[in-house]
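Common to both upcoming complexes is chain A, partnered first by chain B, then by chain C.
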Partner chain A sequence: MRFYEYEAREIVKRAGIPVTDYGFTRDAAEAKEIAARIEGPTVIKSQVLSGGRMKAGGVQFADTPEEAQAHAENVLKLEINGQMPRGILVDPKADIDQEFYVGVVWDGTAKKPVIIFSPVGGIDIEQVAEEQPDKVGRRHFSNILPFGDYEAKEVIASTGVTGSDLNKLVPIVTKLAKLFVEKDMTLAEINPLGKLKDGSFVALDAHMDMENEARGRHKKLLADLGVGDEETREAREPTPFELAGEEVDSMDHRGVAGNVTEFDGNLGLVIGAGGGSLTLFDAVRAHGGKPANYCEIGGNPSVKKSCGLAKLVLQKPGVDKIAVMMSIVSNTRVDIVARGVIKACLELGMDPAEKIAIFRIPGAWEDEGFAILDKYGVEYADRSVSLHEAANRAVQKIQGAAA
Partner chain B sequence: MDGVFISVEVSGDVASDPAVGAKLEEVCPVSIFKGTDAGVEIVAENLDECVLCGLCQDAAPGKVTVTKLYSGETL
Partner chain C sequence: MSILVNEETTFIVQGITGREAVNLTRECLDYGKGAKVVGGVTPGRLGREVHGVPVFDTVAQAVAHHGKPIDGSVVTVPPAFTKDAVVEAIENGIKLIVIVTERIPRGDVAQMVELANLRGARIIGPNCLGIIVPDVIKMGGIGGPAKDAAKSYTPGSVGVISRSGGMTTEMSSTLTAAGLGQSTAVSIGGDAIIGSSYAELMPLFEADEQTEAIVIYTEPGGRMEAELAKWVKDNNSRLPIVAFMAGRFMDEMPGMSFGHAGTIVEGKEDTATEKIARLAEAGIVVAEEISEIPELVKQAIANRKG
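Up next is the complex of A and B:
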């Protein structure tokens, strides 16, 4: 889940990283008061969960409190990329000597967090990496072992930063790395990290993304920030297809049959089991298949729920067939899922043998499940067929049908 | 009564016994039985949820028949 800038700044501040004396408000008159308190030029920044604020006019500069109020009135009414602002951030216009970049992201390939540091900040780090690769330092670190100052020092020094700046930056980078792990972030970024004329450093902007599943671990922080349980803060609004998936999953308390994400392919997926859904999705793509969706099924869902999910996927425009695949299951009954997906086909007037490209769920009650699949002529595979091979068979079948 | 995959029959004398109906409703984990003043009703929409646990047959020995329609096997 993403945080607004004003929330991200608060998170950074709580981690002990210096921030400017900013203020957040939803009221233009209050913006004037904040600007008066700041006693100097200010920046009025729209608070939306979207990039492109500057280009859209969502960032304005003011020399006086009156000007700040006038800008605030305009920015509060300005829609940016389909979003109305949550409020505005009134920030002192900092007297900057140099802008730096520091970010921590999760590297899914290395399965570790990675610090990225650059003495060239204020612009996209991707652009810096392309144009000045020697100015970007990277260093993976453990999310289990304690983070050491030397790790921060290494990554900063690798970009040529030395002396007093290096010494002042080490605690900031260290605190950001610790914040990333402790708060279950997937992204913790300060850009720009400003070096002021007096030689001190201050976070001038921050972006934070928290792992959705970790929200329960950070209830106090979210409550302090005023983030409601109903706020999903996803990168985009869910599609009607995805909302329908949520309805299926909330049908009853038994198991999971949801977490649906929409794609535009022709092979519908009913997949899951302990990370199996991600493996299977990738496997389908690796074999040249085009998934119509991602989803997760497991934990022994009811027949109704399995049926509901399969019906949703089968009815998605452009779906030719579905593949029903899981890794070996112990807590989900094969026969129950088999009943669900076959029932979905029957209720939609479809032939299960034709619509189900493959059923590969080995595990609990598989003999019973295979008996059901035999009855309806559905091709199935047991555990002797790998997930990748099952995905390959589904892709071959759908490509054969399209040819 | 038949679902798509499962058929459940309750013999006549038990079907009209409210005490047995209440017991069947209590033991079935997927709510196939509903106890009534007149005995027991079978909830058609839940038939295919049957997990073949046999608890109904333990509650009313010899009086409940569960059939797997996909194989013809009767429990």
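Up next is the complex of A and C:
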């Protein structure tokens, strides 16, 4: 889950890392007040989750409070990559001597966090790594030993930084590494980390991503920041169709029938499980089909949930037919999914034989499931029909129907 | 032979009285020659039985009752308690831990894995269905009830490693239908950090005489495939590998996660396209469809024997 810059800066500040005396607001008049308090040139920064703010005009410089207000009005109205800003940061334009970079991420291969440090900041660290590889230090640290200052020292020193800079940077890097672990972040980055004319260091921008699975452990922090439980902070906001999918999934606690993502095709998909859904979605597209949605069923969902998901997909505007397909199931029961999707058709006054292009779920309780499908004349397939072939049959049927 | 487990392997089920764990225990007892489930642990349930398996409050009690070290544990406890359960197993001498539980924060997983490495133990998962040696032993929910697992898995020479539990069975079933059995199939889990990656299991398959080829199921997200490609190149592996990559559509949707927690395209290197290129460079054949896999495996084995 990605944080906005104003939230990330608050997290950094709480960890004891120096930040500028910035202010966050959703109101241009208040921006003027903040700029007046700051007494000097300011930077007005749009608060969006998307990158590319600078290029889009979401970062503006002001010399006076009046100018700050004028910029604030424009930036608050400016959509960036499809996102309206949450608000703006009014930040003192710091008197910077040099920009540094420090970040912590997971290394999934080493299965440890890794600190990345560079005396070249303010630009993408990937670019620095490519152009000046000797200016980027990396150091893994243990998941079970306490973090030591020496680890921060080593990564900083490895880039050639020494003297009082090194000594002042150690506590900042240490605090960031600890914050990363304690707050279950998947990314904790300060870029740039500015060195001021007086030799002190201050965080000028921060990026933080918290692992979704760990949100429950940080309820107080999230509440303090005003992050609601319903905010997914995905690459884009969920659509009403996707929110309805989440409601279906939370009908009861048995299994999964959700993870719905909206697409604009005509073939509705009731598919599963995790890997099967990825495979089937690719397969439908490979055969020229146009999926109306992505979803996942698995873990033996109830009839009610399977029915709810099928109904949601069947009622989506533009959906002509649905395909009900899964990789071989060992836990989910074929007959329960069959009952759910047939019930959905019947309750909507639709003919299951006509609406369900194909049902391909082999595995546990398949004989019982196939008997139900037989009764309603729905075309079904067992494991002798591959996932790709099942997807192909569904696509053929819907293209035949459209012609 | 097989990797990780064999007909002598003893294991416990932690969280054995949960609904899914009760089913899983039944399935494991019924499969093959009958797995040696020597105990179960649920705090506060000492003295009960699950399908004849004695239940204990602690792993230490289970080990004491067994009278000698226990080889493995299947961990099914809720995410908030998983780390403690795994540490308990490791500190009581268990060397093979299959974590079924989903939605464990990766910081917890990384701690468990680092401790396991220090103690010479191995973790499979989390968010996985476990390990199966066809007709011999099943450790975890993989393949489902014994009679269903028997339809999908047959003994043979192909090692299967998969980030998706369901696709482990789908691929094995496809191999079985084409007359290709499996030496061992391992569901390694779909999370961003897991106990055992492809590259970490390869040396075991390499040393297993029964195994003649490897089939893997992969997804976007992470660098596990690049790690495998590097391992294959560095070790001059005797085993041909056939890979299937799902989730190719995700390349168009960076920042979105589908299927498993570990599938999120964050950079250029973890897209499906990039991974397919890396695998191909290492001489790993990438199948377009699951149904092509058996023929590609047969060709690959024939080429090696040349």
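The criterion applied here is as follows: the second predicted complex is superposed on the first by the 238 of 403 C-alpha atoms of A that agree within 3 Å, B and C clash if a C-alpha of one lies under 4 Å from a C-alpha of the other, contacts with A are read in each partner's own complex, and residues count from 1 in each chain.
Convention: contacts are C-beta pairs under 8 Å (C-beta built on N, C-alpha and C of every residue); 3 or more make two chains touch, one makes a residue touch a chain.
This one's a predicted model, so the numbers in the text were calculated from it and none came from an experiment.
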State whether A:S164 touches chain B only (first), chain C only (second), both chains, or neither.
-> neither
Given the touch rule stated above, what does A:A371 touch, chain B (first), chain C (second), both, or neither?
-> first
After lining up the shared chain so the two structures overlap, which partner does A:F281 touch, if you call chain B first and chain C second: first, second, both or neither?
-> second
Who does A:K112 touch here: chain B (first), chain C (second), both, or neither?
-> second
Of the two partners chain B and chain C, indicate the one touching more residues belonging to chain A.
-> C
Have a look at where A:R339 lands relative to chain B and chain C in the superposition and call it first, second, both or neither.
-> first
Which partner does A:E211 reach: the first (chain B), the second (chain C), both, or neither?
-> second
So, in the complex, the side of chain B touching chain A is made of residues 4-5, 30, 48-49, 51-52, 68, 70-71
Given the complex with chain C, which residues does chain A contribute to the contact?
-> 106, 108-109, 111-113, 126, 142-144, 181, 184, 186, 211-214, 217, 234-236, 259, 261, 272-279, 281-283, 285-286, 294, 296, 298, 326-331, 363-364, 383-384, 386-389
Residues of chain C defined as touching chain A within the complex = 20, 23, 79, 103-107, 109-111, 113-115, 129, 141-145, 148-149, 151-152, 162-167, 169-170, 173-174, 177, 190, 192-193, 197, 217, 219, 222-224, 227, 244, 246-250, 253-263, 267, 288-291
Please name which positions on chain A make contact with chain B in the complex.
-> 302-304, 333, 336, 339, 342-343, 346, 368, 371-372, 375-376
